[in-house]
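Single-structure report; data block below.
By letter and in written order, the chains are A, B, C and D; residue numbering begins at 1 in each of them.
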Amino acid sequence: MKALVVEAEWAPREGYPLTLRERDQRRAIIGSQVWRHPTWQVAERSTPEVTKPDEVLVRVRACGVCGADVHMWETDPDGYLLLAYRTRMPLCIGHEFCGEVAEVGSAVSAVQVGEAVAIEGMGCCGRCRACKRGLVNCCPDGEDLGFTRDGGAAEYVLAREAQCCSLESLRDRCSEEKLFEIGAMIEPTSVVYHGMFVRAEGVRPGDDVAVFGCGPIGLAAVALARAAGAAAVIAVDTQAERRDLARSCGAGLALDPAVDDIVGEVMHATRGRGAGTIVEASGAGRAVFPHIDRCLDFGAQVVVLGVDPRPAPIDLVAYQAKAARIYGSLGHLGGGFDAAIDLHARGLIDMSAIVTGRVALEDGVAAIERTARRVDAKVLIIP
Amino acid sequence: MKALVVEAEWAPREGYPLTLRERDQRRAIIGSQVWRHPTWQVAERSTPEVTKPDEVLVRVRACGVCGADVHMWETDPDGYLLLAYRTRMPLCIGHEFCGEVAEVGSAVSAVQVGEAVAIEGMGCCGRCRACKRGLVNCCPDGEDLGFTRDGGAAEYVLAREAQCCSLESLRDRCSEEKLFEIGAMIEPTSVVYHGMFVRAEGVRPGDDVAVFGCGPIGLAAVALARAAGAAAVIAVDTQAERRDLARSCGAGLALDPAVDDIVGEVMHATRGRGAGTIVEASGAGRAVFPHIDRCLDFGAQVVVLGVDPRPAPIDLVAYQAKAARIYGSLGHLGGGFDAAIDLHARGLIDMSAIVTGRVALEDGVAAIERTARRVDAKVLIIP
Amino acid sequence: MKALVVEAEWAPREGYPLTLRERDQRRAIIGSQVWRHPTWQVAERSTPEVTKPDEVLVRVRACGVCGADVHMWETDPDGYLLLAYRTRMPLCIGHEFCGEVAEVGSAVSAVQVGEAVAIEGMGCCGRCRACKRGLVNCCPDGEDLGFTRDGGAAEYVLAREAQCCSLESLRDRCSEEKLFEIGAMIEPTSVVYHGMFVRAEGVRPGDDVAVFGCGPIGLAAVALARAAGAAAVIAVDTQAERRDLARSCGAGLALDPAVDDIVGEVMHATRGRGAGTIVEASGAGRAVFPHIDRCLDFGAQVVVLGVDPRPAPIDLVAYQAKAARIYGSLGHLGGGFDAAIDLHARGLIDMSAIVTGRVALEDGVAAIERTARRVDAKVLIIP
Amino acid sequence: MKALVVEAEWAPREGYPLTLRERDQRRAIIGSQVWRHPTWQVAERSTPEVTKPDEVLVRVRACGVCGADVHMWETDPDGYLLLAYRTRMPLCIGHEFCGEVAEVGSAVSAVQVGEAVAIEGMGCCGRCRACKRGLVNCCPDGEDLGFTRDGGAAEYVLAREAQCCSLESLRDRCSEEKLFEIGAMIEPTSVVYHGMFVRAEGVRPGDDVAVFGCGPIGLAAVALARAAGAAAVIAVDTQAERRDLARSCGAGLALDPAVDDIVGEVMHATRGRGAGTIVEASGAGRAVFPHIDRCLDFGAQVVVLGVDPRPAPIDLVAYQAKAARIYGSLGHLGGGFDAAIDLHARGLIDMSAIVTGRVALEDGVAAIERTARRVDAKVLIIP
């Protein structure tokens, strides 16, 4: 089968505390400390086979490209990946994908051959301290499709029964093509759902919400805020195309930091109160926190979803005066897949609307390059 | 001016620990322990006057009749009121009301004469232990319009500036008549908002919600769940008219306990999971908890809003096995008025749709009698 | 090796919805619906062997007898077990145990041969909906030592590396005998910790706490409340011996419902406020909730740990008026083992003080009989 | 009577949006934007008189000097106060104080003449949006003794009944001198209690806690963490004297950032896990957050109590990876006074141990100067 594969040189940085397990398994805990000089290609690989009773072979129908994928393409001046996450190489990338069940193991009962499924590809061990405390997205031992195991930018992927989330409830609402485009959007939507509604405290009907950054994560935040009955939903992005998408996802106001008075507009839209929920999805904390700090309502929550390796300057006195708090979040486990599928099945959100590019798997490398230019909202790879 | 007035005999039950303050102020902490033989009439009273700088005189335009009002009409075999709440008599009743500002005190700046306002009539002192802990609805010292001070079943009411919540944002959406009908529904909607979204943990988009009891409180729970993006919204009531209203408020399923298998239907509608949020709004805990106990999803929350003086039999093992919890809630303070008005202004809910009766103030006693028959959803008194 | 073994007849009750998996694996989801006529004996069994890389063979040094074990001894009029939990038979019982590591699998690095360990014997799969939501104690697929796999009332037990919690930090504080007595108390202490501090909201320094029922669960609640800096700690039990133990665990007041005015005493001890945290550990909800309902402070939490299959009559209006809530809890996963061991290592609690009986493994059946008489606090089986 | 009085010039900065109310009442919302060139003196003032039924005249016995007081002494290059809080001038300062009741209004029943009381001097209105939402410490309308009304650095203070918290429960434990020293420490202890246990999520028995900054706020955090049953309690301060006080308040480890490897030591003390609760009490966010960011356990909470007007650089990726969160907190309302008094009455904490200076009221200005040198822990003014 064809697959979009990245390979890199194993070169742990001096001083990096490599564990035995990392060395033996060639599985870096912090990718950017270990992998250098990545090379990308669409390659021929042997199609995976179902060998365990709970395995499911999925024929991929759509796979989104994520900023994390781009961070395996982009490197720092020393040639190391930008991605800090755990990784094993060579790797077939892709963690935002869906497809049809092609074959099932002997014990599989939850899905059947032919069924449309989105794949909840993060793993958690169920045995470590993080898992027992319920912080399953922090599990250091899980295996993640697209990071430590082969992912969805390929014709086929091997998943486990428990990772398969049926998309059949969408059949009546949309064409098969759209069904799989939605299917590829379930993962990023779940990341946002988890941050806003599981890690943080959720959005209540009538709450005011501001979202900084309108890439796919920010756009999902806009759509979920709207679905939750938010009152004012204010989006902020530097690009006009993304502001347009934000409006179509439900933002009542889409601001351009280059020309708009962000704080003044947020205050006006919230009748002088400030926003009760603020989502940071820009990955540019340095630029946006000076705004965020002055948009806080009493008891506000800031949910940090964008990834920015540089420290953000935060005016903590504002958070003290407003009894506000900041939640960091990563990962998609925790109910988001179910919720995201159900919200689409009921027509309450439609994240397929932000797909701005479709690229054949043969041209997978181009999909990465294109996403790296950061003009699209979401580019899908279609096998 | 005309007002709907209840008077009763001060007759503290034997053994009731009457406080000095209760005796001196003729203000019972537990009305049902003190007041006997109520009499009702529409009487002529002197119109209240603005004497303090932050007072606002409101010309009432609509006032809902609540179960609590009926509990001052109905009595037990000894002739005592059923209402356990704090009360002073004689009393002009009515706590679900709105109107136009007729006159303002010298320091009032938040509202102006002619402005349409709903009145957040519960008080909290800001000084007691409950208030300092943020449990403002538990404040034992607050004065409540319609209970310890004259309320809205009258031509005029005296309120304070901080109690006036502008309805002007509704002007563009609806006729003046409808504006004031919505205005009278803000209070009961806020009671539900407070229970579901402030006391308990809220409803997330994609959550499944079951509501037991479809009087005004249950119907507002249905509408708010729908506004919050709930997936399945299942309503339960014994009366066909109320089940119809539940459907029109957004319930996808409206069950009749006399003929439907409640637990089976809830399980089916939630794909075997059970409901994550269950609202008890029937005031008949004895009848509904045997159902509720078997409809719990993992981590479910039960929000108790209906008032039932008889103990409910609860199978606690079910709550242990499901890591579930039960929240008691009363009162409307805590952001609900703002949210309820905003949700109406944005067209996300319309609680005026459950108004099934309109009675002139002159016939106010009939409005109480009619509500006591429990066939209506909401009866409004129109001065 | 010797082991305390229970066997029973597989006889699913008529109407019980037996699943295929239950039938094929002889693993009942609700033991009391399936297993009849239990027989108990101390039998000779083959010593388990380490065959997987992460397995650990533990030589048991002490194993507590729990009410759940007794519920496999006691039967209803039809001869069925009282235990509703999942179970496989024949079974070597015992889930509150500790010992020394006798042998480790090839991949084990966290513990070594000779190390003293308590065993966190509940399992969670890490893949199901409950696990992904962090409700690991609700996982329906986990395997539990002492319920679905052979437990600790034996000379040896096979556990997994991740289940072994080192007790070595206790070595300096106490004799080896006491070390293992503490070790056997870690599991029940963790059950209480999980209920009070993970499921519910914890106890803050200066909070007032009331505990109903002073068996091992209630006594651990008393000790943990005291360790958390509680102000008033009030215990309630019908037996004088248990009230004495409650005092020695830190209760400032130990009440006898037969002679004391429970509500009056709680109100007096809390300066008229009521208790902010109430732990139900009696398993007699019918008797204690009429007291609990009248002991609630504003915002109080009731943590239900005792298991009582009969519905409890609860006056929900009290919970509404006080903005109170009820949390159900079962299970020990979630950080409790670490905390319980650490609190003992620092001398902040000593649950070995409630061990009132020690019985040799040969006499294991007598230990069950003795616990069934409910006069002891905790009986240990010593292999 | 004698009083320590600060006066300043009313000189709103250009561009500061002065409100009408600020101008009319000479009550700045942000003191540092309005007041310039402060002058301090111990002056003769008329003793306040009880004129309202709920007023209480308190003869002050001890009054602590706080960093906030020093921020009215210190000025920026333009001569403006450093204190950003609301203030009215001229002002008798002092908000950490206690004394004896000298006279009571006609309606006062909670305290009596001669009773020792600490004064909960912050006010909240009970009517604004912050109060109704339970965020009483954010109330913009409250009057605060020592900021907008005359405070405790004086012979007498006028308070309200609801602000008086009895210290009589301490009588049996200590001398009268010590009683009043403890009494003056109740306010700062309550600020910490509110931040750690009301705003944030509290400390559970067995949790690991790190405290950055060992002035009075940090020392109270150490003592409260210890009282809550914390396992490792690690304090960090640049000054040896304060590290010694931290040890005596209960820190197991007191680190010097000049010589110690903070992150390495915290990781070692927490067995490689990191701290579950981190308190920032240094007011030097720029220096400490680079440490804090690397000391986070899974699910950690950072409670910000120190006031630092400069933005702190925060590595948000660390908070995302660890599912951590940051809580801002200010103020003392919310149950802290009761808890702090009770913890002293039970001997669980003793904050009088950090009093390092006692200055007569006549020398009150010297007490401010001395505190400004930041070598003391707590300096008391003794009228």
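The definition used in the following text is that a contact is a pair of C-beta atoms (placed from the backbone, for glycine too) under 8 Å apart; a residue touches a chain by one contact, two chains touch by 3 or more.
Note that this is a predicted model, so its numbers are computed, not measured.
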Tell me the rotation angle, 0 to 180 degrees, that brings the C-alpha atoms of chain A onto chain C, to the nearest 5. 180
Which of B-D and B-C has more C-beta pairs touching across its chains: B-C
As a quick test, compute the distance in whole Å between the mean CA positions of chain B and chain D. 40
Centroid distance [mean C-alpha coordinates] between chain C and chain B, Å: 42
Shared-contact residues (touching 2 or more other chains) in chain D: 129, 133, 135, 335, 338
Show which residues of chain B lie in contact with chain D when the two form their complex. 120, 123-129, 131-136, 139, 142, 160, 162-163, 198, 333-335, 338
Contacts from chain B onto chain A in the complex sit at residues 193, 197, 201-202, 204-207, 224, 227-229, 231, 335, 338-340, 342-343, 346, 348-349
Help me check something: in the complex, which residues belonging to chain B touch chain C? 84, 129-130, 133, 135, 137-138, 199, 273, 280, 285, 289-290, 293, 298-299, 304-305, 307-309, 311-330
